[in-house]
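One structure below.
Lettered A, B, C and D in written order, each chain numbered from 1.
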């Protein structure tokens, strides 16, 4: 509803999809964006029905991204979409993102960034040459108290970091639903559409990005174990990894989609010389601070002693819970600010995407070998 | 963003206000509503600045509700606002709601409904004669797991209800900030603008409405103690009450705004012959079910065994927390559905508002007397 | 096992009883006491079997308290029991305690102290004239973090106290088991053995004692509602009360034995001008401190910043949970220290017992009247 | 206090020690044991003072284990100690245990069992030839809800096990206190007294034993990372390990003594095809059961649906917390039952000790190598 709302297009996210609807709510929440165009499905009728349900002008509901880019580009500047949200399976991320960027559209892309480091680099290059923004849906880094944890560690409250433990437990792939017509499960377990990692790519990347983002440290080497517990599944559904960070911190990463009964259990714990932080996505408005020599503190969204960087990610007073859509909206709001030009709000982008693709490749390589450690290419993270 | 988004106007909610912004997010979230007009402040410049920041057409930013109603009414049907959100101090609710209803606009009004039972009845009559809808911001009844609790009790899972305990603890009025220029505190502690209840009207009403709504029972009599702990404050800042329900259940209601260190601690517990439920607003995606003869169960938003009424209040899968704005948006969505005509979704309205006004008057009367019990007029709840 | 272990006798606590076994564990834990004598049941065979199972000398297993007192008194000083634990139904407390005190034995008595204020006063007089110690099993005040809460409030950390909320929820009397041969239920719901309060006397007294003990404040007046939810039950099974404390604090007390699905939910919350404490018996090693202007702190048994009074009630390092028996043992240890003469450890006694008897009588009187408030006689608390 | 209490001797556990006092409380709690003899310190005066404080006959307070064994053996059967509790640093476990067993005394030994697999085997052989019992202080397996978890998994409630996650986080070695005169820290970080593992031996063994005991599965291979975060420390203070279990389950083990701010955070999670369990030592009376297709259940000590094996490890009704000493006492009680001959209660012994020693050796070997996996010798677990 805000003035000069930016215009958003979307590819993917038709009827029955999950994450497209979340993107739309996140974009709408603060009035920074208005959905104006979409290619919601390769099935033309389905795309049209979704567009109609969303109240779009039927002329801006497309059957393909090619048609969308061609026509939107031809619209007057005050009408054509500003940015494209890519909410398709992974194998389409790179070609679509590159096409959009090359056509002058900003991009908000689902994770993982691409099918390989090479593809991710190609997206980075396209963003570079286009001057457009590329945002990546590492949603969890949009939570206010994740930002608080990052700030506290960056300013040295915990002292030098020694331990990083991150876990992401889901149970929804405990049964062989990938063979039973569940669309979400089907493409996520298909190497041709998901890439080399199953659980690893889908949620292991969230865990890895969160760990590096909040700790401010880079993983140098990984020793990993990939498992496929459900017979017939074509990709891993369970990951365990030992991590060695630059500077000496040691880490553990656990991600599983066969932890039966778990919901969306992303949890991060980091300990330094003087204390530790704990944050859990399912209670996102709380950050636990433990100390060597004084009582544990419970920081709360909207409560005392939060950093100004955290405060500006919040919308409601203390005790009025904000959730997943609000965290997501923080990324959309930051992208809008960057596009408008006055923005100093961080959002995850090419650098985060590249790191996670390197992580995927290192884990896959290590899990297939007899060597203890596989190094992760340091790459170009700022 | 949805097709045929309904058009919303707003009175109150200018710069610095809290609840107006929440209404705007809640209305925007699902694309059911589009803000098109506002009289955000009696200060014309302030109203204009708010309208501009929100991207409104300046011709539809008004300096008074009178101007707003007059001009919006004159717009063509496809342009003029459909409903008015009233987010002003309490003393303005009744005159504004009645004016809007009489002019043919639906109303979404902040709570408490009015300054007295008589005013609330007048609103009810205006709604009746206009055929327009009147929604009341008893936000907490929009939470999915509140609905689950209500359904479970209504279908008899707990057996006959014996105990109802509701509490609402805040600490933000612990210091005399009402005299220090805090606008939120100032009008809430001023009988001329807040009405006969301070804490009682502001949050005691939420607690009471939630208790009756979820238990499905009516309070017949109350024995209450009102306190003003902060010297110089003109209204109560702390309420305790014993409740007697029709059918024999006994209850306790506690509401305080001087519970130093508490955030927004609304919590409901109801026990019946066979078990009990517990719901707390600060962890709203969890409903605890305790049983006489089997283990405690933790129901979760998006998890197994939820009623279909609960499911349709949810937007994201299990483990992706939804919060206060989403609960609020459920009320806006239900109002939209009702206005569109196909809706069977419940929202709080005149009946809930009247009950809470009767509760306020009974508590104030009882607290000033030496009699143990004061009856609450049964009124007209459906 | 400790040197010069004091010698304990017990009346009540035969096979099938609950609290007698707890007393024996609590007395044994620290080696301060050795059980040497018992009149475990009025059924001679049952008493003998219990004594045998406990490894007692059969000559010191008695069929009546009269026999026990007579014979123990006749034993040489280095052999005869030092103190008597009374773990019988309530109607026997006063006659037995008075007989034991008058015979020169210290007493550790179960709560409630007696059947009436008058009886409690008689016990107090017996203790006074005998010079013997009288300890009362207000077990919950033996928890280390209860002591921490008491100390913090006494030293003014919270500022002047405004709110006291105490609740004690159990569900075990939800069904009419008092008529079904359940011995624990049977005598507790029999006015001739339990006294004028059912739930009120059994657990309401714990809640009241805890509230006064920790807050350091006295309740001046009470407005109460007693209910009997289970048909045919002869005493209340559910209590609600508004409390007014000397100095202006307001309180709520809730005790119920028909809160189906609840276990032993004793919880205390006290708020002052600057913050609040919360302690729950089922997680006894944690004390939550909330503050108006800084983050919530979690104090932990064995953790940083505990008062020295708290530390000496602890046996294990931080993170090694101590429980109910340990809290109980703190009372036995304090009584032992007092008897040995070097002790400065507090334990609940006559003063606490008298206050709770006055509370029972005031609640019963108020609940039967139409008057809002009934004063609690200030009595003689230290 | 029980009849025929068994007679316990103790080596180690003098003034200032921690675990000796816990053994004494655990042994005393249920009246199954009576402390009669001790060699509490190699400092004769210190040993004597401890004995005196404990009320022992000074003739049975010894300056060495050799003296103790010689003299106790010479006492008449009805007087001499039945079992020896060994609560010394690790390097003394094997020689002392073997000496005691060979002299016909049962042994209750602290963990880890010994300095090496070879030493542990020698103890096992001594136990075998003596016919005496050897119990090992894997205390956490004495918690009632650990037993419940074990039973539920053994009977197949979760289906085939896929994931085992165990962690044990402490923070007390975050600073270099091992060089500052802290006795507990000093010997635990000295390879000559602690053995090849620091944190690994001290708490990693607890984690490993719990994981195998509850899952009923054996670890086949381990990939591990040992770290020493505090400069100058001579042994590891932090362990991470990937585990592969027989049958295909995958596991993670994390143990750290430099997780600043953590207390005694032992936590076990196991997931199978249909659900998962979670147990945390710091809230030991709760067992969380998560299910693929129905709500999470909270099992509680003393609550509904517990197995009979769990029930008999409990002493108090639901909601009366039992803690660390009670868990410990369950092992002492089981050992007593075994010695008395009628016992069918399990307690950890030689088999558990051997497994953990094999685990220590495998982790140390793996951490020093470039090979991904090191197998753990299957050994002789029953």
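One rule holds for everything that comes next: a residue touches a chain if its C-beta (ideal position, glycine included) is under 8 Å from a C-beta of that chain, and two chains touch if they have at least 3 such contacts.
Chain labels with UniProt names: A, B, C, D = Putative dehydrogenase.
Bear in mind that the values here come from a model prediction, so they are computed numbers and not experimental data.
Between A-C and the choices B-D, B-C or C-D, the pair with more than half the same contact pairs by residue number is B-D.
Distance from the centre of chain B peaks at D, each centre being the average of the chain's Cα atoms. In whole angstrom, the spacing between the mean C-alpha positions of chain A and chain B is 35. Once the centre of each chain is set as its mean CA position, chain B and chain D turn out to be 55 Å apart.
A separation of 43 Å divides the Cα centre of chain A from that of chain D.
Annotation for chain D: residues 262, 289, 291, 296, 300, 303 touch two or more other chains. Taken in their complex, chain A has these residues touching chain C: 289, 291, 293-300, 303-305. Across the complex, chain B is touched by residues 158-159, 162-163, 165, 167, 171, 174-175, 223-225, 227, 229, 238, 240-242, 244, 248, 250-252, 254, 256, 258-262, 271-276, 289-292, 296, 366, 369-373 of chain C. Residues 1-5, 18, 21-22, 24-25, 28-31, 34-35, 52-56, 170, 172, 262-265, 281-285, 300, 302-303, 315-326 of chain C are the ones touching chain D in the complex.
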